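Chain naming follows the written order as A, B, C and D, and within any one chain the residues start at number 1.
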Amino acid sequence: MYTQRIELRGHIIDSHILPRVLDTIIDYNGDFNIQKFTIGRTKTDPSFALIEVRAAREGELNNILKMLQALGATIVTDAAVLLEPAPGDGAFPPNFYATTNLETFIHHGGRWLEVDNMEMDCGIVFTPDEGQARCVPMAQVQAGELVVVGHEGVKVLPRQRARRKEFFSFMDSAVSSERPKGLMIEQIAGLMKTLKGKGKKVLLVGGPAIIHTGAGKYLSRIIEGGFIDYLFAGNALATHDIEAALWGTSLGIDLATGEVTPGGHAHHLRAINTIRLAGGIRPAIKKGILTRGVMYSCVVHDVDFLLAGSIRDDGPLPEVVTDVLVAQEEMRRRLQDVELVLMLGTMLHSIATGNLLPATVRTVCVDINPAVVTKLADRGSFQALGLVSDVEWFLRELAHQLSSHAGVGEVTIEKEEA
Amino acid sequence: MYTQRIELRGHIIDSHILPRVLDTIIDYNGDFNIQKFTIGRTKTDPSFALIEVRAAREGELNNILKMLQALGATIVTDAAVLLEPAPGDGAFPPNFYATTNLETFIHHGGRWLEVDNMEMDCGIVFTPDEGQARCVPMAQVQAGELVVVGHEGVKVLPRQRARRKEFFSFMDSAVSSERPKGLMIEQIAGLMKTLKGKGKKVLLVGGPAIIHTGAGKYLSRIIEGGFIDYLFAGNALATHDIEAALWGTSLGIDLATGEVTPGGHAHHLRAINTIRLAGGIRPAIKKGILTRGVMYSCVVHDVDFLLAGSIRDDGPLPEVVTDVLVAQEEMRRRLQDVELVLMLGTMLHSIATGNLLPATVRTVCVDINPAVVTKLADRGSFQALGLVSDVEWFLRELAHQLSSHAGVGEVTIEKEEA
Amino acid sequence: MYTQRIELRGHIIDSHILPRVLDTIIDYNGDFNIQKFTIGRTKTDPSFALIEVRAAREGELNNILKMLQALGATIVTDAAVLLEPAPGDGAFPPNFYATTNLETFIHHGGRWLEVDNMEMDCGIVFTPDEGQARCVPMAQVQAGELVVVGHEGVKVLPRQRARRKEFFSFMDSAVSSERPKGLMIEQIAGLMKTLKGKGKKVLLVGGPAIIHTGAGKYLSRIIEGGFIDYLFAGNALATHDIEAALWGTSLGIDLATGEVTPGGHAHHLRAINTIRLAGGIRPAIKKGILTRGVMYSCVVHDVDFLLAGSIRDDGPLPEVVTDVLVAQEEMRRRLQDVELVLMLGTMLHSIATGNLLPATVRTVCVDINPAVVTKLADRGSFQALGLVSDVEWFLRELAHQLSSHAGVGEVTIEKEEA
Amino acid sequence: MYTQRIELRGHIIDSHILPRVLDTIIDYNGDFNIQKFTIGRTKTDPSFALIEVRAAREGELNNILKMLQALGATIVTDAAVLLEPAPGDGAFPPNFYATTNLETFIHHGGRWLEVDNMEMDCGIVFTPDEGQARCVPMAQVQAGELVVVGHEGVKVLPRQRARRKEFFSFMDSAVSSERPKGLMIEQIAGLMKTLKGKGKKVLLVGGPAIIHTGAGKYLSRIIEGGFIDYLFAGNALATHDIEAALWGTSLGIDLATGEVTPGGHAHHLRAINTIRLAGGIRPAIKKGILTRGVMYSCVVHDVDFLLAGSIRDDGPLPEVVTDVLVAQEEMRRRLQDVELVLMLGTMLHSIATGNLLPATVRTVCVDINPAVVTKLADRGSFQALGLVSDVEWFLRELAHQLSSHAGVGEVTIEKEEA
């Protein structure tokens, strides 16, 4: 029998971490012996468990340890993290440690060092001179940089359920459409007011359905209220927004009457062409060509917008970042200090953003297609609140709630307890 | 070659009837010769076509003629309709004519007689004494009654597209969620105001999502405004409405906070039990037990409600009609003079109602699941306007529009031209 | 402070019962003190916890205890269960205990008595003469029968996760369509072979999509192989099956060519009429009118079928049970000894069946609409394996696997450990 | 009154072109007078109509004419097409003619010149020296090139319904999942065999669900049979295919057992890293690192694959084209001679491909999500056959049909009659 001791600390029972650890051991044909176990007697005391994990073969034991580590178990060892130089630009050593989106530490030089810029599906690069560890996407690693390999000397802090409830936990099976959604919007509005008051950042990720459904005007109003700091979107949202600003249509549908406009199928192309002729969105605003709409509001109210390209794009608008790796970098740069992400009516941009977010950032995903909401939740974005609902009405109600002065009281924005 | 002449009259070109007739002939291996063709030169003139249909075999020709008849073609013949006695109670003669939901006439005694109570998937019973023809469901025919057989001497009026547009035609592919839906609700509200002014009847078919999402209060308000004449629902809507009235929860979720109520999973059972103990919904209102909610509003404002049973039902409430054939009869009785049907968040009751409606009745189907909306449209309810959207917000906005005095102008309620 | 001690026994950690108990206490503003805690050191030892629950008000404590009881906590008390006579036929006392679908015991006469016929959303009736407790639906209780009220003296066995994995647990988020489904069908086929070998019962609940997609022939083959004991369906499945048997069409679509058959829209009506004229499905088979199809296979191979009515039904066929309460009773009667339920392409019949099943019965739900699969899982049928997939191909592959002699080895059918 | 005469020629009745023309005139407040009308008396004779269109204002008339032109009406005029130089690189003149995906001609120098490389949402550039007109995406036009403006002198050939049916027309409402899909796959297989026999090109556009569901082996077999000429996919399909080839997992799920593999969540990253270290997919095959899977089959069997980047991508693989405009150009280049496109389980790549296809190319779209299939159909890809179904089983059955020698007879591949 191969054995290894692991430790668990914190709210390991009510956060379901201990049971998941035991499940995992059994599921992968291991065995365990709980050598020490202290349960927190009150709701503020942490618990502690020391568990001996056993498996018949070394490979099996290593597999189990890998899984437990991702759950937050610390391998009881004095071993330091292992480092190997990257064999080339844009490639890690074969046995590199692949990150989760949870808070992570490496054991180096006898102490635990927190890893910066956490993001899932990256590697960890350690810079000896600065004594710094940071998360690095594969394409950005450079030959010779020291990369963490194997799973020894790495510790992950599991996301623990706060004992004090907050609204993000009030819907467990968050995907059902049959809930009183008005309440949730109230709470989201309350959180946005609080975040604004504290100078925290909010990102909105949006798809063209916002414009097609006529909800652009509500989004503009929210932007004008100063509740949004960043906008991530694609060519489509910006194009149809400009189409609506110039001709009152979206994909050729008149937003004031719901009817098809003659020749309207080409309006979005003419919108793109107009902006290309003007030299871009900002020049078009300066020249007085573009005078309203979501993009206009962004420029006038200093919302830092990013338009990321896709192979579906017509045109595209000059501001669109057509190289997807460059676009990812631009997204990463803006995510550093975001506290809340609203994802509205776009699967591509929502998943792309979710991939780059640490687990601690709250996200709200609204889509009329339950498959999109489910897919986001499946990706490990476990601070996600999913609403299967109509983007038009979500924005309308949110704009209404945000403009009302009857406060909902302060909404707590403290982070989950570690 | 077997041949038969058919006639087409009316707006047969812009209603796409002529092309569909020619398509059908070709699709089923027939051939045709257009012997006479007069096109309406202006938009008010009807057109006329006399077409000789040919097929290689008699069976093929008969098949084609059956299809053309359903499209509105009249077989040029002096033949009277064929009648045969029903061979037993609840069964038609083997070769009975199966109805569509379009206006239908039979040729008897040298004249065309309109069939009453049109409904799809029934037979036609002719009563010689009264000279009356009427649509009869299979289960209701009685041994010896005269039933139309074959397809000779039967004429169906195709539903023709009105040249004057009305809002029901403004969305062709009506199922997309990416449209400005606010506009449609304005139009629906305008139509409901007009219908109310003229004393026309409106039916609402609703599912429990109305209550789960907290939209019961909006529906109550619409009922109190006098805009609804009939409510079709199941045990679930009424039960959760009463649960909400008695304990403020729906399926145990507190509608004021969105949280799970301790012991709340049994609230709907206690609601049913309470009403069963009281002897029913009306007695419970009289005794002061039930004092608010959708069912309360129905009773107080004389909305004639029908609760139809299903095998999913708990309890059920005493008013639930547990025999489905009896429930169908109760539905039929109330549909006679309905001009508009709103179908909200229920597939079972919506399809059941759609099956009983003549083609001329306008229906609006709102569901967050596109599959439900598509399924209804597939069933041949072609006056249906489908909204893929959120029932909560639909009712909220509809209640708001209906209570606003700023009229949208009168909405035309004239029937399609025949 | 109001306090009450509760006990938890069994695999309370790896079954996540302890953490859920602690969560619940905290979520509803209570507090706890773990007075005794013994953890099973190996995977076969049970654990034990004695917990003092505290709340500021008596009502709050009672609410918490209700929730804990549903999770499997036993209130440490010598109190016997409370019984009150039913105040009338078809109604329980106001404070009746509402059942879950878990194994349940009542404390009476100093001993724990198991409740028979467990089913969710019922009451418990105790018959002193026979010393028997049984689950009774509301509509069936008779005035004066002794009904359990309150929550004292009631114990619920939580469903515990088996330490030995079986295939029903291998997909946690069971609703995704992006999994290798072929494997699951192999496993289901293996289980069905084993169940057949041991004489255990299998129920298939099916919708008309089975026939529309041309999969009726695969279902017939499975029935002929002796793998199905009961069939629950509605009028539609049987009608279209008979339509297909008589004319080769389903809803008028030719199953051999996929094309619309002239006059075929009336075929299902003619099918119903034919069977009504013959006096029913069995007489039609005896008279040689019906010679193939799913219903034919059921009759010939002694599958006990139940056709439950709905308000959508045309006709219906003579065998359809049109009263939904009678249909529920017929369903209950057949569910007593069922070990596996396959639910294919029907939401109405699947939910109705799920409502009547004890939690220990395995169910497999296959539907192309994720909403149906999710809805079933949401209803507390937690032994459910959901496949978002195509009913046609599921049945085809299942028929293939069942007819193959290359066994998959015996599949364990032992129940979860208690 | 402003008036203009238009001409319609061809199968204008059974292709529903005449009625759509008349509808459009009326819908946009115009009027018409049919001055000459000859109907084809038999199914091979073309028809002809000369119609005077009238409107109260010049702008209205122009709007109507724009719409009619898109439907295939020719404006009766001797006017030549209008040309203006592009005002800058990557921008058209403001009033540029925006293309449809139908066959298009311009009237220049007294004759009708066909436009090459038809694609929707582009402009038309005329090169006087070569006497050539071609479709040009906005981003590619160069300053000074002559671009068609306005709508005069442009003729569009409407897509006409073939009188001889072929399987692409056999499902009108092509999105329903309740059809006998086995038949369709037979027909698709037959068409693929015929196309292969004639040396015509087939493109497969695929998403990662092909790999996740374990269907990669069927796709490999189809590729090995020589039935696919091009593959369009993203980083995800190739990555998970390589993950499956190297470790037998897809997204960490073991494809042989359906279970989660320890540490498997990082397998796709290791797959990408392995290929990056090797220098790409082709080098990895040469070095013997990659020895099976879809990408392997593509390389070995000379399928020209294109991996287009998206902002969701991890890595990505070296072959991924990260600039979306470059990727579009690569797609366009390969589409020139494609006769059939299979779109399987990807919305992004399917819509991107659909945008670039002329209307005459047959497409088959298979997805388990009806929203994807509907969305593709909504985009004007009207030769699309949509199957709401399971990609795994579609490919499995298609591979089986393609390898069977029992031919289905030759499937006609002749183009629609003009």
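Couple of notes before you dig in:
The definition used in the following text is that contacts are C-beta pairs under 8 Å (C-beta built on N, C-alpha and C of every residue); 3 or more make two chains touch, one makes a residue touch a chain.
Please read all numbers here as calculations on a predicted model, not as lab measurements.
Ranked by how far their CA centres sit from the centre of chain C, the chains are topped by D. Counting C-beta pairs in contact, the pair that comes out ahead of the other among A-C and B-C is B-C.
Centroids of chain A and chain B (each the mean of its C-alpha atoms) stand 45 Å apart.
Centre-to-centre, using mean CA coordinates, chain A is 38 Å away from chain C.
The centroid of the Cα atoms in chain B and the matching centroid in chain C are 33 Å apart. Looking at chain C, residues 371 sit in touch with two or more other chains.
Those residues of chain C that touch chain D in the shared complex are 170-171, 177-184, 208-209, 212-214, 250, 253, 255-259, 368, 388-390, 392-393, 397. Chain A contributes residues 28, 63-64, 66-67, 70, 87-88, 90-92, 94, 96, 98, 121, 137-139, 262-263, 265-266, 269-270, 272-274, 276-277, 308-316, 322-325, 327-328, 331, 347-349, 351-352, 355, 369, 371 to its touches with chain D in the complex. Interface residues of chain C facing chain A in the complex, by the touch rule stated above, are 13-16, 18-19, 22-23, 26-27, 31-34, 37, 39, 41-43, 161, 163, 165, 173, 175-176, 370-371, 374, 378.
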